[in-house]
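Several structures are given next for inspection.
Each of the two complexes below includes chain A, the first together with chain B, the second together with chain C.
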Partner chain A sequence: MFSLNQRFQTVINAAITYAIFIIFLIITLFHFQLYVENNITETVKVNNLNIIKPILNLRTSRMFGGSGKFPKENLRIKFDLNTDLSPLFTWNTKQVFVYLTGAYNSTSTSSSEVTFWDKIITDKKNADLDLHAVMGKYSVWDKQNGFSNKDLQLKLHWNIQPFVGNLIFGEAVMSNSGDILHIPAKEQKTNGTA
Partner chain B sequence: MNLRKELTNFLNLCFIFSGAFMFWKGLSIITNSESPIVVVLSGSMEPAFHRGDVLFLWNKNKYNNIGDIVVYEVEHRQIPIVHRVLREHKNRKGEQFLLTKGDNNNGNDIPLYAPGKKYLQKSTDILGTVKGFLPQVGYVTIWVSENKNNAYLFYGLMAIAALFFNN
Partner chain C sequence: MSFSEWLQELSNKMIFPIDLPSQKYTNRVTHKLLFLSSIISVVLGIIYDSMKTLLYFYGASVLICLILVVPAYPSYNENKLKWVERGSNGKSNNLGKSNIEIAG
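This part shows the complex of A and B:
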């Protein structure tokens, strides 16, 4: 009746059932804490985002989108940022990935979104960001055109990686309306390669 | 030696394997992904994902958002890569092109792509988008696949268990 095999199967089945139940409980509690208790859809906002200057460069390297004959316009931005991401941290938050992006239309029929800067935050103590005159991490080029005379809609996204459960994505609320960045045309140079 | 009993055992074994196979393929159909569950093999997404973590994928979305963590496979290389979308471009025809980067890497993934390729195409290159996460459970598969002796040991134990513990 009670063979080793039967016991083994009973134990395994019970363990898997409990594990699934516990994981669902963790996910539910985690979501409740984030969306109800911390109210992250409203409390996570950008207090200040100031683009000090957009920097345009022409680059010929393949690593920067160019090719020998056709240099690409590369864009970096220098900015101030003040935002408090600590509501995103609970007992199940392993890390928060925060990234500053710009959305724009490359042509009238195509749309794009690119990342200028990102940061990994693993501790609640470091979640209150106050950055001054930071240079964006990435030199960005467009797939089709350049950035001259384009309007970029700036967004600050965040992404929570939990210890266990599903990934959660969201966008910080922009408090000032100055989140559209206009890129002026680059002044022409005779030897415009970087 | 009871032939009928041995045959029943064998049938049971077949049943287990076909059941597992059906589960896997069913999950593939539901998620629209070739491999709906993957195990992380490299440290390029640390500290988000470590070796041995199990990821659950979903591939029914038409477009990827920026910041999504996607799994892709480079042509002629059988290793799935788990990296984050750094840029996305949609063209006039509605096709989406992605540039990816590992959180823990310094540069973007262009050197990893097939020669001459500068972007991944959402509709053809992406195996799935990471939706859920279980830590460390997949380490068994790494342990088995990276050492031949471990593999023999594992399958041997399975075979012995199947022969002896079937009632």
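This part shows the complex of A and C:
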């Protein structure tokens, strides 16, 4: 602390040290706050999830897993969703990423999970989702088989992206246990390649 | 005069020393002020529900700390070390009985 230069450096070093202290304080308090206020896994509930219809298409584009000779069965869904994600917003929440997935058994030995729809919520005001007849964002396909006669276990995942700290992943609790989507077999329009 | 020589000369002029008690004092002030303000800024951030409040408060307190500590105010130089005066004929004959304050 003898010279001007030394004093300046000491203050800046101390400021950075205490900034790291602040970061740890924020992370600890943030997790504590989420745990106390929400009991995270329990409060975020899906009030209503209604699949209006699953849409199966055969696509030949390479962008959708098919090729000219072997078209691929692509699945999109149209759905209603009502859920309130505002408990996930605290002072440290930058945005919440929410996504709707379906888990199914791809073959008899392996299971897969596909994402039908997602959304980034940046504001607490927009966190109370009430969607009607929304088309899923993504057209999904299976590597090996199609989706015909498959049962998909639907899940709504969320992911908190905080200003400071680690990402927090979770899953919304479904209101009713019957959130299994059964895909009916696609009626054959052409008799040829399958 | 080359640039490095000029820089050397400038840094020699820019020392602005302060005395030893003030050095201890400024060190204490730095750490106490920043520690307290870091806790207060987190509390304010939680109360006002915003990260910005936290950042602004902490930034302001770092600025205040710089203003308090960095310049060599006259009050930081009141207890300067007193050096032995050189004798009249060039000999330092009164070394033993001078009023040197060994700072510690």
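Here is the rule we use: the second predicted complex is superposed on the first by the 175 of 194 C-alpha atoms of A that agree within 3 Å, B and C clash if a C-alpha of one lies under 4 Å from a C-alpha of the other, contacts with A are read in each partner's own complex, and residues count from 1 in each chain.
Basically, contacts are C-beta pairs under 8 Å (C-beta built on N, C-alpha and C of every residue); 3 or more make two chains touch, one makes a residue touch a chain.
This is a predicted model, so every value here is computed, not measured.
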{"item": "Touched partner set for A:4, first chain B, second chain C, both or neither", "value": "both"}
{"item": "Chain B versus chain C as contact partner of A:25, first or second or both or neither", "value": "second"}
{"item": "Which superposed partner A:92 touches (first chain B, second chain C, both, neither)", "value": "second"}
{"item": "Partner chain(s) touched by A:50 [first = chain B, second = chain C, both, neither]", "value": "neither"}
{"item": "Which of chain B and chain C A:142 touches, first, second, both or neither", "value": "first"}
{"item": "Contact breadth on chain A, by residue count: chain C or chain B", "value": "B"}
{"item": "Touching partner for A:14 - first (chain B), second (chain C), both, neither", "value": "second"}
{"item": "Partner chain(s) touched by A:161 [first = chain B, second = chain C, both, neither]", "value": "first"}
{"item": "Footprint overlap on chain A, comparing chain B with chain C", "value": "3-5, 8, 163-164"}
{"item": "Chain C-touching residues of chain A, taken from the complex the two chains share", "value": "1-5, 7-8, 10-11, 14-15, 18-19, 21-22, 25-26, 29, 33, 90-92, 163-164"}
{"item": "Touch list for chain B against partner chain A, complex", "value": "47-49, 65-69, 84, 86-92, 97, 103, 107, 110, 118-119, 130-135, 165-167"}
{"item": "Residues of chain A defined as touching chain B within the complex", "value": "3-5, 8, 23, 62-63, 65, 94-95, 97, 99, 101, 106-107, 109-115, 120, 122, 138, 140, 142-144, 157, 159, 161-167, 169"}
{"item": "Contacting residues of chain C [partner chain A, same complex]", "value": "11, 14-18, 22-24, 26-27, 30-31, 34-35, 37-39, 41-42, 45-46, 48-51, 54, 58, 62, 65-66, 69-72"}
